[in-house]
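Per-chain residue numbering starts at 1, and chain names A, B, C and D are given in the order in which the chains are listed.
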Amino acid sequence: MIHQNDQITKSPDLSIKIGSLVLKNPVLLASGTCGYGTELDGLLDLDQVGGIIVKGISIRPRPGTPPPRLVETPCGLLNSIGLENVGIESFLRDKLPWLRNVKTSLIVNILGNSVEEYSEIAKKLDGAEGVKAIEVNISCPNVKAGGIAFGTDPEAAANVTRAVKKATDLPVIIKLTPNVTDITKVARKVASAGADAVSLINTLLGMAIDIKSRRPALANVFGGLSGPAIKPIALRMVWQVVRAVDIPVIGIGGISTSDDALEFLMAGAKAVEIGTATLIRPSTAEDVPADIRDYMEANSIQNLEDLRLPE
Amino acid sequence: MIHQNDQITKSPDLSIKIGSLVLKNPVLLASGTCGYGTELDGLLDLDQVGGIIVKGISIRPRPGTPPPRLVETPCGLLNSIGLENVGIESFLRDKLPWLRNVKTSLIVNILGNSVEEYSEIAKKLDGAEGVKAIEVNISCPNVKAGGIAFGTDPEAAANVTRAVKKATDLPVIIKLTPNVTDITKVARKVASAGADAVSLINTLLGMAIDIKSRRPALANVFGGLSGPAIKPIALRMVWQVVRAVDIPVIGIGGISTSDDALEFLMAGAKAVEIGTATLIRPSTAEDVPADIRDYMEANSIQNLEDLRLPE
Amino acid sequence: MPKFDIPAEIVEQTQLAHGIFLLTVEAPAIQNSANPGQFCMLEVKYNNSRDPLLRRPLSIYKTQANGHISFLYKKVGKGTRLLSKRRPGEIVRVLGPLGQGFRLIHDRPCILVGGGLGIAPLLLPAERIKQSGKLVILIGAGNASEIPTIEDFSGLTRYFHVATEDGSLGQRGMVTDLLAQTLQEITGMAQIYTCGPWPMMKAVYHIARKKNIPCQVSLEATMACGIGLCLGCAVPKSDSREFLHVCKEGPVFDADQVNWEYTQ
Amino acid sequence: MPKFDIPAEIVEQTQLAHGIFLLTVEAPAIQNSANPGQFCMLEVKYNNSRDPLLRRPLSIYKTQANGHISFLYKKVGKGTRLLSKRRPGEIVRVLGPLGQGFRLIHDRPCILVGGGLGIAPLLLPAERIKQSGKLVILIGAGNASEIPTIEDFSGLTRYFHVATEDGSLGQRGMVTDLLAQTLQEITGMAQIYTCGPWPMMKAVYHIARKKNIPCQVSLEATMACGIGLCLGCAVPKSDSREFLHVCKEGPVFDADQVNWEYTQ
């Protein structure tokens, strides 16, 4: 075959690599907002999504916190689900088989209340067929340290990272909490502790009061704030962390459109996660990569890296 | 005169005391969003407002940062004004005389890049007729400590507090930054350093990218996020600080209606400040106290303290 | 079960009484697969605004063979206020049909107990039951204007009774009074379906339990997704520290499953 | 100067060309005190939604003695899109009149130079100048459809010229070509008033400076308040590291005051 025109426009390449993890596109479903995948059946073609990060899994099932668990805030959502999940045994037995049939990368989000718990879950996932990577939620309370979140203490965060890395050969993504003075400190620590990537941000701690019932609107008083409201904070932190560490950064926070996603990619994120937006429009994670492709074609951008702003 | 009915409903009392400072109602205009007062002439009856906190004043005039200085975000506003202000001399000479004629409490917000600067401005305000209190913005970079904000370091915050307290007999309100892991640590430190009250929150650090021009949307890259988007975070921090210190707490962040203000008062704030909402509807700080009064009457609440939720 | 997320055209928006609206949209795919007691999530935000952020859950009140579905709703806050401003010809996004509806029992008398706009999910089951057996409909409200659509129900059965607290329609009193009266007349087995305010449903359940009559309740909970993604719509179970999820396992539950003592 | 924040009823909303609208509201207090070149801040959020958060600045295009004021605007983003959906009878909140308008000079020929919708703040000064002296109006645009209201201008003076880049109306080329031609014909002193895209105004200013003709420009900047509270609407000054504030000291400035070299 003879190429008549050297300038033939190649279709943009949306695939990315995060360590040994290859994703067909940089748009992932964020943990806690896509259930275990099955719930989206018929509403979102999971095969078109870069990856799915299932609801955070703990060593034993957790019932979660009492209701009310949700409050809508201006352009935001406060939740205190209390990390309700089926536990690792049931996940492997009841949820994983279905997920294996989906043609996208499966990432399992894990949580624990001690370094040992994290390590134990990671071990159980290590051999599990179909699991492509682990995302570690370090926003959980460190029971041994009086309940202070692992993610707010760089040393504790590094300890979790090391333990999980030791327990598995899977790529390990550490998911950072934004409720800190300087997120680059935690990012640097977990990077040198061996993390293959970091993802950020998890939710911001917030609350609301129901002035009619004169009570905190969440039974748990505090909850995690997500959605478009937090995007500017998330983007700032991603920008900072991209410039602080050499490992890939995955951007999360208030992404609902390809324009939002492009902001994060331009800030230097390698990939993005869609959280709250999926709750509102289940097809978001299918639309966003398609629209990113359109943007790249329209602007003759061939590779995702070329989206990053020059320093 | 004989009272025929003991149950005569008294009009709710909206006045509050913060140290020696008496406010006719708990709704203040937040610094940086009400200019030097004159700008609101004809659009807001300043006499109906609990107090006015003028734009942050520095020792010398500051030109501020280059444009663009503003970006709208979902339910939020990012600004990087760069603390542009006329400086203390011009303030005392050109702005104060007009403000003296307004029948509301005047609070001057001050800023500096060193403990000495804070102290110097406070001294100049100490004797100034008409000034009722000082609010200290400690979100500024501490030049001697490499530019880290005073407000993110409890020790530096306490130093500023002590210096300002020493320089003036006026009530001193320390305005806290939310960009910290644990705001109660800073609050406790400034309380024991002698602050008469704390106000919170200042803006959250954020950013936006203009995907059309492929540049950060603010010339300064980072800016402060304000408006309804941040209310859940602000309310959580106020709730925490109210329970951590014994001095009065002034709540700030995303307040646009009396319902918003009531959430903060129910969380235990003694007073509130209206920021971004004044930019959008100049009369907000007049409407909110009137609506709080209506709420109290409708619910037979006599004193503001009775709004606070039981523990 | 198939679900659809459809940009649906509004064909009717009628204010039936103060603050009560009937909204009809064209959504054939949803209409076609809707079961009695199911609901939809409606986008209430206007144009490309992102506030309000979440969709709002509304029960499927009526369906028509031409692909129309109707919602009967009350303007209570920001979202329903915005929805009530939308006009025929405009588009609202509708996700549905969602959840587990009523499990219809055909071998015994069925008693539908609705309180206020809690009647919304009861019309479809009433129509189905009518075709197959004995149907009792009991409706309660504060006053007549809160239940502007009772004529949709009154023609379905001879056994139709209304109670209002102010006596403006039917018997003065509570719908639970009607239920107690009805149960005195029924001798054999029966089945109750109910929807309304929590205290009413709780009272209905207690009456049913005393008489050993099975009772299905349609619950409400704040929802973000409506499809089981977020686990936000929890209601405590009666028999454990675990939770029911209204959008996925419900909104209709056997009343026994629910911890009726829970209040925040 | 008095300012008013008024819930104003929409009396007209007309799409004049693709994406270009004329909005007329009833706001007598604002109409009554408006000066040429002033603007208003319009609430674009719908009902009690809080997104978009900020009002949008629009120049006062036209005023009528019956208390009506009109805005000529282009749908460019979220806010103007929402505004364009609003219908007669509905209410929009309007804050105005704001800023310092044109300082009209009556003792010499006045040349108005408008680019695209930059003509919006120029109609009022054109009408005023027309009554008192010699008026030249020069309008430029990409094509004719970008300036659907030029008939409002063309009747005001004999010295009326249009240039479009595609030649679809008037002379093919730039409005600055028209200005250069005009200035060749004018011998004595003159005065320029201009509004349009930054590069156009910059070019106009350079032509004016060469000929030593004073030039007033109407600038744009992102605004939050429109009344001098936030200091957000800064534009660099020509002669110092300080800034002009478009909403308070402007939007109209002597072109000399502005640092035309600044780009973000």
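Going forward, a contact is a pair of C-beta atoms (placed from the backbone, for glycine too) under 8 Å apart; a residue touches a chain by one contact, two chains touch by 3 or more.
Everything numeric here is computed off the predicted structure, so don't read it as measured data.
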Label-sorted list of chains bordering both chain B and chain D is A, C
Of all chains, the one whose CA centroid lies most distant from that of chain B is C
Taking each chain's mean CA coordinate, chain A and chain B are separated, in whole Å, by 35
Separation of the C-alpha centres, chain A versus chain D, in whole Å, is 46
Chain-centre distance (mean CA atoms) for chain C and chain D, in whole Å, is 54
Residues in chain B with touches to at least two other chains are numbered 73-76, 215, 227-228
Where chain D touches two or more other chains at once, the residues are 50-52
Contact graph of the chains (line, ring, star, complete, other): complete
Listed in rising order, the residues of chain B that touch chain C in the complex are 74-75, 228
Listed in rising order, the residues of chain D that touch chain A in the complex are 50-51
In the complex, chain A touches chain B at residues 73-76, 78, 152, 179-182, 204-209, 211, 214-216, 221-223, 225, 227-233, 235-236, 239, 254, 259, 262-263, 266-267, 309
Listed in rising order, chain A residues that touch chain C in their complex are 32-35, 39-40, 42-43, 55, 63-64, 66-77, 79, 81, 84, 213, 215, 219, 227-228, 256, 276, 278-283
Contacts from chain D onto chain C in the complex sit at residues 45-52, 78, 81-82, 85
